[in-house]
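Pasting the structures in now, so scroll down.
You will see two complexes here that share chain A, one where it goes with chain B and one where it goes with chain C.
Let's turn to the complex of A and B:
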């Protein structure tokens, strides 16, 4: 079911403004991630959708029907909590069938068990029906929690940082499983995480939030390749994007810094945005260059600048070269087979077509 | 490893050599992560007093129970003391009263405490204030509370009789009518166990994961369903603990009787309890052997009850 969130605000009783007038739409069957640092408002948003928190103002519609004044049980929502909140004194089967065995429309035991078994088979925990959660691994508990969230056949599934209690390797597997599962059931899913990699890999769309505001709501690829502002560019990408404060030199028609300059005529005119002229007039611009867009200059090609490498960090598929650009720490990535070692002098070419420029407020200019 | 494969004799020699060298280095008070004999030094004062006031009297009880009622020249009396106590009608009353006290006060006290703890734990304004209020009795002397209860239960001007009179019952002379002495003791007993129970139960309720209730709320579980399917199962360890502690305390009931009936055990000893019987035998009648024999019987009774209760609750929690 499609979810419409319009002008949602939340101010807690202690005066903390967690959400500032956010609006976005989630299409039917989409898997959407709410991504952002701690305190950005992503969990608040999820809890308001679930009905565990009241919004200060704004509305949430499911298929055009406002739900904010409905009790959680009437919203037709399934939710998985960060700590799973499985009942330790109940078996897996009792946990999964719990939603069917309580409330006004409780089902007879036999029917509830049949339905529970169907969802347990779907999540691959059928053999564990008689185990207690305490005797299971984190990944298995996770599946029990998902089965319990799905057993009532909800229209919307909410997942609150469901992978944060799992170890790194399991996290990779479970996130693929979650995606496969929710896609096969066609349920609309909202997933909260602070892990960019998790969000990029699992989502149809990502709402990147900061300080109660949605910074960008887009498909994962666009978020990385075409960030709306400085925050988005900084939040996504590992190693983190390199940022340089540059000054505009009117006479040379170039952005100048201590280590390298960016002549305006090397930039792609088509990517320039309206605010650029104004920012150039003010004289100050922030350049954002991702590590992969510092290219090590081949022999025979004139490098844009040359620096000494401080350290080489081996990641696996690639290596990160750390260097000091006249007081600013910067990093570039090279193929793992690169012979470059600590202390080497390296000439770099800047991939001008893929760099970003921002003004001091973080608005994207290029 | 390689030494073991080449020659067992050689490794044995090496290992004894290392043992000797570490032993010479280690004095009796040098540091060892797993063995710290210095601990005995810190335990000694406590152990001394525990031995003097707990362990030694305990041994003496068992010895005196088999001796004649003389402190100066006790003689071995076989099972005479036990035979006397078991046949004593006053002991029967004492045990019956104690049993009634335990069987009525423990369940009633726990149910009422649970109800109050659940109310205090809910989203209630001023919960902290009431929590403190309910804990005050625990800090107050039982004797002082007993004096207050003597006023409350008074047959002529007691508040309880005034209230009962309003609904057309009574008046009851709780303190002076031997048939009502036990009822008065039970009311007092239930009331005095509330404070401790409520505090322990509240801490138990607070330790239950809030998300359990959020999940239950999301699926529309009613308050009763949440209590029965989440709260009570989660509280079982704590309730087991409280049940056992309350039962043992009930079997030891003495101060409440003393305070309520001004140092007597009710009119004509109608509200006497096991401990009261022991006390009277020892300090009033100077029948030391009989008193200790009653003590041993009470000990065995509590032991049997606790084991039974433990087994029962274990079965219940499964």
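Let's turn to the complex of A and C:
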């Protein structure tokens, strides 16, 4: 079912504005992540969709039908909570069949059990049917929670930071399982997380939020390669993007900094945006360069700048080189086999086609 | 030194146990004495022949069976009633958001501080105005809700994560279904303690029933006993037998549930 969120605002009774007029559409069968730092409004949005919170204004439609005035129990939504909220006094089977055994459309015991068993088989917890949640591991509880959320054949599945209570290894596996599961059932899913890697790997689309506003709503690849603004560029990517305050030198037609300059004629004209001229006139621009776009200069090529490496951090498939660019900490990534060690002098070439420029308000210029 | 300390400790514990238990034991043994034995000086501790007839005689002289039924009915009804109102109030105060919730909580705290003796007067005039004196409703109505237990249960429920309620709501569960199927099973220990203490409290209730009843048929066991003590004159052995009859049900409750009662009292500072 497609979800339409229009002009949603939420101000809490203590005056805190959690959501500021957000709108976005979720296509039928899509897995969408609400991503952002804590307090950005992502959980508020999820709870409003579920009906656990009332918005101050705005509307939510499922397949064109407004649900904003419907009680949560009538919205036909499946939800997985951060702490799973499995009922401790019920067995796994009783937990999973619970949504079928309550409310106005209560199903007979035998039918509910049959359906519950189908979803338990799907999530691989069938042999645990008679266990109590307290006797299960985090990953198993997670599956029970998902089975319970899906058992009522909901129109929409909501997941509120479902992986945050699992250890790192399990998290990787379960997130793949979740993706496989929701894709095989074709259910429209909204997933809340503060973990960028989780969001990038699992979603069809990501709504990156900050301070109650959607900063960018796009496919994961675009979010990373083509950030809408400085916040998006900073939030995504590990190691974090390098930022440099540069001044515009009218006479040399270049952005100048203490370590390196960016001549305008090296930039791709097609990527320049409207605000660039105005920002250049003001004289100040922020350059965002991802660590992988600082390329170690091969022999025979003139480097754009040369620095001393402070430390080398081995990650696995790549290494991070940390260096000081005249008072600004910066990092670049190189292949894990690189012979560069602490204290080495390294010449860098900037990959101008992939850098970003922002004005002081964070608006993307290039 | 260490042994002497230990010995002193045991002597103290035994002495306390004897002081606590002696009245009970003497009541039981007194209920089996003849009139002469029960009034002899020096006192008899163990009757020569157990006079089981005392119980039958006490039951014949006053309608203890009727008192007993009255007490079970009244204590049972107020326990049940208080449980229902407390559970509903506890649910509302923890799971629902409504205006003036904090003010309401403050009022409840304030009510806790009003001594029972003051409430008795207003309750009496209310019951009298309703024309309910000397009826079962008069005995039960004022004890159908308890601010103290509302507080106790609310406190217990705030420790239960709110997500259970949210999860149930999203799963299509109504509020009453939530209370019945999730909240009650989850706070079973608290409810159990509450029910026991309420029932014992109802059983021992003395002041209120004596105020609102005046016929023998409406008396509860505690009033019946006190009336019997003055009506039976000096028949000490019968008074003892009657006392034994009245406390035996409570003793049985204690014997079965003493663990729960002690836990409940220890954890929550409820006076039993």
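Everything that follows uses one rule, which is that the second predicted complex is superposed on the first by the 366 of 366 C-alpha atoms of A that agree within 3 Å, B and C clash if a C-alpha of one lies under 4 Å from a C-alpha of the other, contacts with A are read in each partner's own complex, and residues count from 1 in each chain.
Keep this in mind: a contact is a pair of C-beta atoms (placed from the backbone, for glycine too) under 8 Å apart; a residue touches a chain by one contact, two chains touch by 3 or more.
This one's a predicted model, so the numbers in the text were calculated from it and none came from an experiment.
Asker: Do chain B and chain C fit side by side on chain A in the superposed arrangement, or is it a clash?
Answerer: In the superposition, chain B runs into chain C.
Asker: Applying the touch criterion given at the start, work out whether A:83 contacts chain B, chain C, both or neither, answering first, second, both or neither.
Answerer: both
Asker: Based on the superposed arrangement, let me know which partner A:118 touches: chain B (first), chain C (second), both, or neither?
Answerer: A:118 sits against neither chain B nor chain C.
Asker: Could you say whether A:98 touches chain B, chain C, both of them, or neither, answering first, second, both or neither?
Answerer: A:98: touches chain B and chain C.
Asker: Under the contact definition given at the top, report the residues of chain A touching chain B in one complex and chain C in the other.
Answerer: Chain A residues touching both partners: 50-52, 71-74, 77-79, 81, 83, 85, 87-89, 98-99, 102-105, 148, 152.
Asker: For the complex, which residues does chain A have touching chain B?
Answerer: 50-52, 71-74, 77-79, 81, 83, 85, 87-90, 98-99, 102-105, 148, 152
Asker: Contact residues on chain C for chain A in the complex?
Answerer: 161, 163-164, 166-174, 177, 181-182, 185-186, 188
Asker: Within their complex, state which residues of chain A touch chain C.
Answerer: 47, 50-52, 71-79, 81-83, 85, 87-89, 98-99, 102-105, 148, 152, 158
Asker: Over in the complex, which chain B residues touch chain A? Could you list them?
Answerer: Residues in contact with chain A: 209, 211-212, 214-222, 225, 229-230, 233-234, 236.
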